[in-house]
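Both complexes below contain chain A, partnered by chain B and then by chain C.
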Partner chain A sequence: MKYFRPNSIDEYHELLVTLKETSMSILAGGTDLMPRWEPDKGLMPDVLIDIKKIDGLMGIRENEDEIIIGALTTIQDIKKSILMQNEFGSLSEAARQFAGVQIRHRATIGGNICNASPAGDILPGLYVHQANIQLIGPNGSRSIPISKFIIGPGKTMLEPGEIVSEIHLLRKGVKSLFYKLGLRQSMAIAVVNFAIAYQQDSNGAFTSLNIAAGSVAPTIVYLESFVDAIMSGVSLDEAIQHVDIDISPIDDIRATADYRSTALKNVLEYNFRHELHQGNE
Partner chain B sequence: MANPLFRISLTINGQPVQADVPATLRLLDFLRYDLDLTGAKDVCGEGECGACTIFMDGKTVNSCLILAVEADGSELMTIEDLSHGKMLNEMQQAFVDYHSVQCGYCIPGMVLSGEQIIKDHGKPDRDTIREDLSGNICRCTGYQKIVDAIEFAADKR
Partner chain C sequence: MENLSTIGQSLSRPDAPEKVTGKTRFLTDISVENMVHGAPVYSSIPFGKFNNIDISKAEKVDGFIAFVSAQDIPGENQVGVIISDQPLFADKTVRYIGDSIGLAVAKTPGAALEAARLVKVDYDKKSPYLSIDKSRDATGNFIHKTNLACHHRLRNGDIDVGFAEADTIVEAHFKTPYQEHYYLEPQACIAFPIEDGRIKILGSLQCPFYIQKAVARIFGLPNEKVLVEQAPTGGAFGGKEDIPSEICARAALAAMKVGLPVKVVYHRFDDVQLTSKRHPFQMHYKVGVRNDGTLVSAKILLEENAGAYATLSTVVSYRAAVQAMGPYVIPNIHVDSNSYYTNLPPTGAFRGFGSPQAAFGHERMMDIIADKLKMDPMEFRLKNIVKPGSQTQTAQRLNESVGAEETIQKAARLAQWNSFNPDRSGRYKHGLGMSAIHYGNCLGAAGWHMDGSGVNIKILPSGDVHVAYGLIEMGQGAETVVTQMTADALGIAPSRIRVLPTDSAQVPDSGPAVASRNVIMTGNAIRDAAKKLLPVLKKAASELIECHKSDIIITNDKVTDNQSGVDVGFHELCDFMSRSNMSMEFTGWWHTPPLEYNAETGVGEAYFTYSYATHIAKVRVDTLTGQVFVDKIFAAHDVGKAINPAGIEGQVEGGVAQGIGWAITEDFIMDRGVVTTPNLSTYLLPTALDCPEVETIIVEKSEPDGPWGAKGIGEPSIIPTAAAIANAVSSAIGIQMNEIPLTPERVLNQLNKTEIKK
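Our next item is the complex of A and B:
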């Protein structure tokens, strides 16, 4: 296996032109790729391009309208960010519940996005805050909403030669929360997870509501029917029945489809009653 | 096709190290087999158990999920660096005093995660210790005494 570690985007693109190998992989934190590769058995790509040293892709910065997260920012740095804690609660909490400390020290937000796991913990928060994913390729850069960027399990709109450079989040004063149901509190892949972004008036009625759930469809999905039902003013008990319209869960090693559907409805209802003070607590 | 070698230079436990390694070599195997630093253990091999924990540039990482080539230019600290000869550091001594060790396989990782917890939280409460120890699995002791030891070491520091 050949290994390259470009120091800049330009160096990365120059490198791509010279490579002829077809089996190629981009490496960031490696916490998802390494268990798949089994280097001790030689199951690895022909070429590995380590992008960790590419300049300028790390850290969280802000301007008046946006928070901008570099793609190589680690999950632990997101967890520790006061800015994220104050303004993007769902992402901060998802980072807290993400694997364990050692993994969070390596895993990157760009990697979590490009893995496009249906269960990715960082993703529901990015969906409800309508994050824009900034990509850099040989022909320039472009920006895509997260929900358009991820198209299936492990599948994204990333073109050959492109990498994710930044994640842009609009500062709209929307509150958000994240909830994860796993088989164990830490280090567990979600059976279901979701994020809720919301604004409430002084009576507790929603002036905006957006929910995205993971592990219940091939990608993260917006629970649009459920949100429409809540916003139309029907009771929580009635609205919760609409959740099944929005999801298409499957059976796998962690849970059955039926379990996921029931569990999602139960934990949603719990969060609406106890965190958002809707219906009877 | 021959597996090409790559020159890496790094610092391990304060000592400069240079080596030529294939890009397929895991950092854990480089430490254990090339350098005979066998404190980090190879257990799950997929980042679940934390037995291979080391410090890389001042932060705990799973050395089974890192390639040796990725460590080029970095500063590593393994469990071997904590004691001075037979003199254990406070964290290691606390593990002994609190009888935190049974089979011992998870302990190097536990001790280093304990060090990271003190680094991050100073004098943490037990819930914080448990939460930040969740990347380390022990199948013997039930964690109680490990948490006791870390709490004591944190208080003492």
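Our next item is the complex of A and C:
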């Protein structure tokens, strides 16, 4: 295996032109990539390009309208950020419940996005805040909403040679929360996770509402039918039944589809009743 | 009264600095000159026959050296440790996915694996038995001569009379699952051919003398031609009791064939698929009780999934049978304990050895009965608990060192058992659950013939003392307690003592390092050696100081003439002895006391003494998801005498953590004999966040036959935990949870079922 570590985007693109090897991997924190290698079975990329030293892809910046997170920002940095805690509660909370301390220091937000796992914990928060993903490639840069960028389990719109450089979040004063259900208290892949972003008027009525759930479909999904039902004013008991229209869970080693659906509806309903004060408490 | 300066202190572990700084060299770190590598070739079907092994593709792998299989065995193709039902290499029949076909040997571990994968075997498949029920109900086409691997029974009193006397009879079914040891270091060994025809084994292991015998049997050699040395061992928990015998024997066979040292290290996937686990149990309890809460009669059926080979099932089944009703007085009891063969990985020794399963049965049962009688579960237990003078369920009279009652009382006081009154109206339901157990120390009547252990103590001219012992350090702190007991037995400083790595050439066969027996066996052997050694030291000292030998006192590392007050350092005495050409090496031996036991009826003295413990679990159940959170564990243990209190706390916290795993997170899943949870991301060990604070309470009811009064702690620490948690959950949600693991899905399903019924 050949290992390269470009120091800038330009160096990275120059490198791409010279490489002839067929199998090539981009390495950020390596926490998804490296567990998949099986050197004894020859399951290794021919070329590894470590992007960790590329300038300017790390850290959280702000301007008046946006918060911009570099793709190499670690989950630990997101967890620590007061800015994220204040304005993007769901992402801050997802980072807090992410893996364990060692992994949080290695794992990056860009890696979580590009890995496109149906259970990725950072993703529901990005969906509900309608994050835009900034890409840089040999032919320039482009920006895609997260829900368009991820197209299937492990599948994204990344073109060959493209990398994710930044994540853009609009500062709209939307509140959000995150929930994760795992089979143990840390180092757990979500059996269900979800994020809710909302704004409420002084009477507690929603002026905006957005919910995305993970581990219940091939990608993170918006719970659109449920949100529509809530916004149209039907009772919470009735609205919650719409969740099953939005999701398509499967049985796997961790849980059955039935369990995922039931647990999601139970906790979602509870959150609406007790955290968001909808329906009868 | 002996002067104890080291025993009772929390001496730190001599092996700890190297382990925590990563300096310890485990087998994976060790390579020797000319070493080659072996990789297992194993059956890909659960049950069937084969005729031909095709290695033509494997031979072409770059670095391939040899392939060893049944036909290479000069002696007996047999590795069954108690029942001779397990060929070392399959002989035409395979009985589980993992059954050994051969060992591929190559220059690198990668080449060996590659070659192993390319070995082709054509099978005639048979329909496999994948559950206890299927195996029990079979009428032909058995896995071995029969599908019943072994059977133990207990017939004490008259249960019909007992049930007739009972006011209430309660019946229940329980199920406990597999548990995978998940020692951090997988199975590993190196086998070396020695020019004179002997064989040396260096292994990650628990029972050097089992390996010695197993390897000798394969070659038809006398035991002493096989030398077994233990490498630093990264955890075992029972999983390195019998399994290393297979692996070392295969490596030895390969080493002798190719004339080079052969190393075998299992990959985690293979380790999980091939090696032993905790027996799954299904249990049926029928218990009769009087209205005042007195137990009068019990009929208990325990059924165990033994997997493809019996391995240690007979002793697991024995222990479960004699402990099936727990630390309670019950005059009439019948127990049947049956282990069934299945076409699944063999089950064997795992910390507790059938006891955690039996404890789950009797302790869940105690709570269910208490609930029926509307009695407080603690009061119900105290009403029936064994005390000095009581008889156990096998009619064994207990005289001394019976701390059961005290463990219940102390744990309950600390947990504020009597004032627990949670608000159960919200989303989270809180519960407190209790579980009390007894654990027979050492091998008991079933293993009495091999229940002796030795030490060899060598005094060096420098004043250092080397101790060789026949049991082992596997992470439990054996070296520390051996150091402490030697120091106090001789009256010297622990810093003088070095405990040598276990080596079959240094000590006689001391039996297996299992059954929480190290402190008792090695401690008593140390005392035996000291009894021979002290007079020699005193005689030498009297010559050195020129005084009467009866006036010599050795204590606190000083050798003193009690008359004149003159003293010399222990090292000066050793130097004098060396210069005077005196004997400086002493052996000690101890065998457990004789037991009167009737194997036919199961009545009698099953073990010479018992450890007792009570755990109380405080839990919280999320009724929306079924998740169980353990908020606290109170653990009271009667250990006779705490040789090293910190070591006991370590064992208890570790045992509790492993118990929490078995009770909640560790869901071992197989699909038609293939393990589908073969790694740490699918087989979920509890993490630090899953393990709450553990309050350890040490109870010391001195055992006359224990060294300094001590009894075992290694296994008792895990035995009560799962039952305590299940009891707490059942009480929290008002539903009897009779099967573990208590995964969120299992708990939520129960909650939903009851809700629908409401």
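Side notes on the structure shown:
Basically, the second predicted complex is superposed on the first by the 276 of 281 C-alpha atoms of A that agree within 3 Å, B and C clash if a C-alpha of one lies under 4 Å from a C-alpha of the other, contacts with A are read in each partner's own complex, and residues count from 1 in each chain.
Please note the rule applied: contacts are C-beta pairs under 8 Å (C-beta built on N, C-alpha and C of every residue); 3 or more make two chains touch, one makes a residue touch a chain.
Everything numeric here is computed off the predicted structure, so don't read it as measured data.
Contact with both chain B and chain C is seen for A:Gly100 once the two complexes are overlaid on the shared chain.
Applying the stated contact rule after C-alpha superposition, one finds that A:Asn86 touches neither chain B nor chain C.
Once the two complexes are laid over each other on the shared chain, residue contacts for A:Asn203 go to neither chain B nor chain C. Residue contacts after overlaying the shared chain place A:Met34 against chain B, while chain C stays out of touching range.
When both complexes are overlaid on chain A, the residue A:Thr18 reaches neither chain B nor chain C. Within the superposed three-chain model, A:Asn266 lies in touch with chain C and out of touch with chain B [touch as defined at top]. Common to the chain B and chain C interfaces on chain A are residues 35, 39-40, 100, 185-187. Considering their complex, residues 35, 39-41, 100, 181, 183-189, 191, 253-256, 259, 262-263, 266-267, 270 of chain A touch chain C. Against chain A, in their complex, chain C makes its touches with residues 109-110, 113-114, 267, 427, 624-627, 629, 664-665, 667, 669, 676-677, 681-682, 684, 686-690, 743-745, 748-749, 752. On the side of chain A, the complex with chain B involves touching residues 1-3, 5, 27, 30-31, 34-35, 39-40, 42, 44, 48, 50, 52, 76, 99-103, 105-106, 185-187. Within the complex formed with chain A, the residues of chain B that make contact are 3-4, 6, 22-26, 29, 45-48, 50, 53, 56, 59-62, 64-67, 69-70, 72, 113, 116, 131-132, 134-136.
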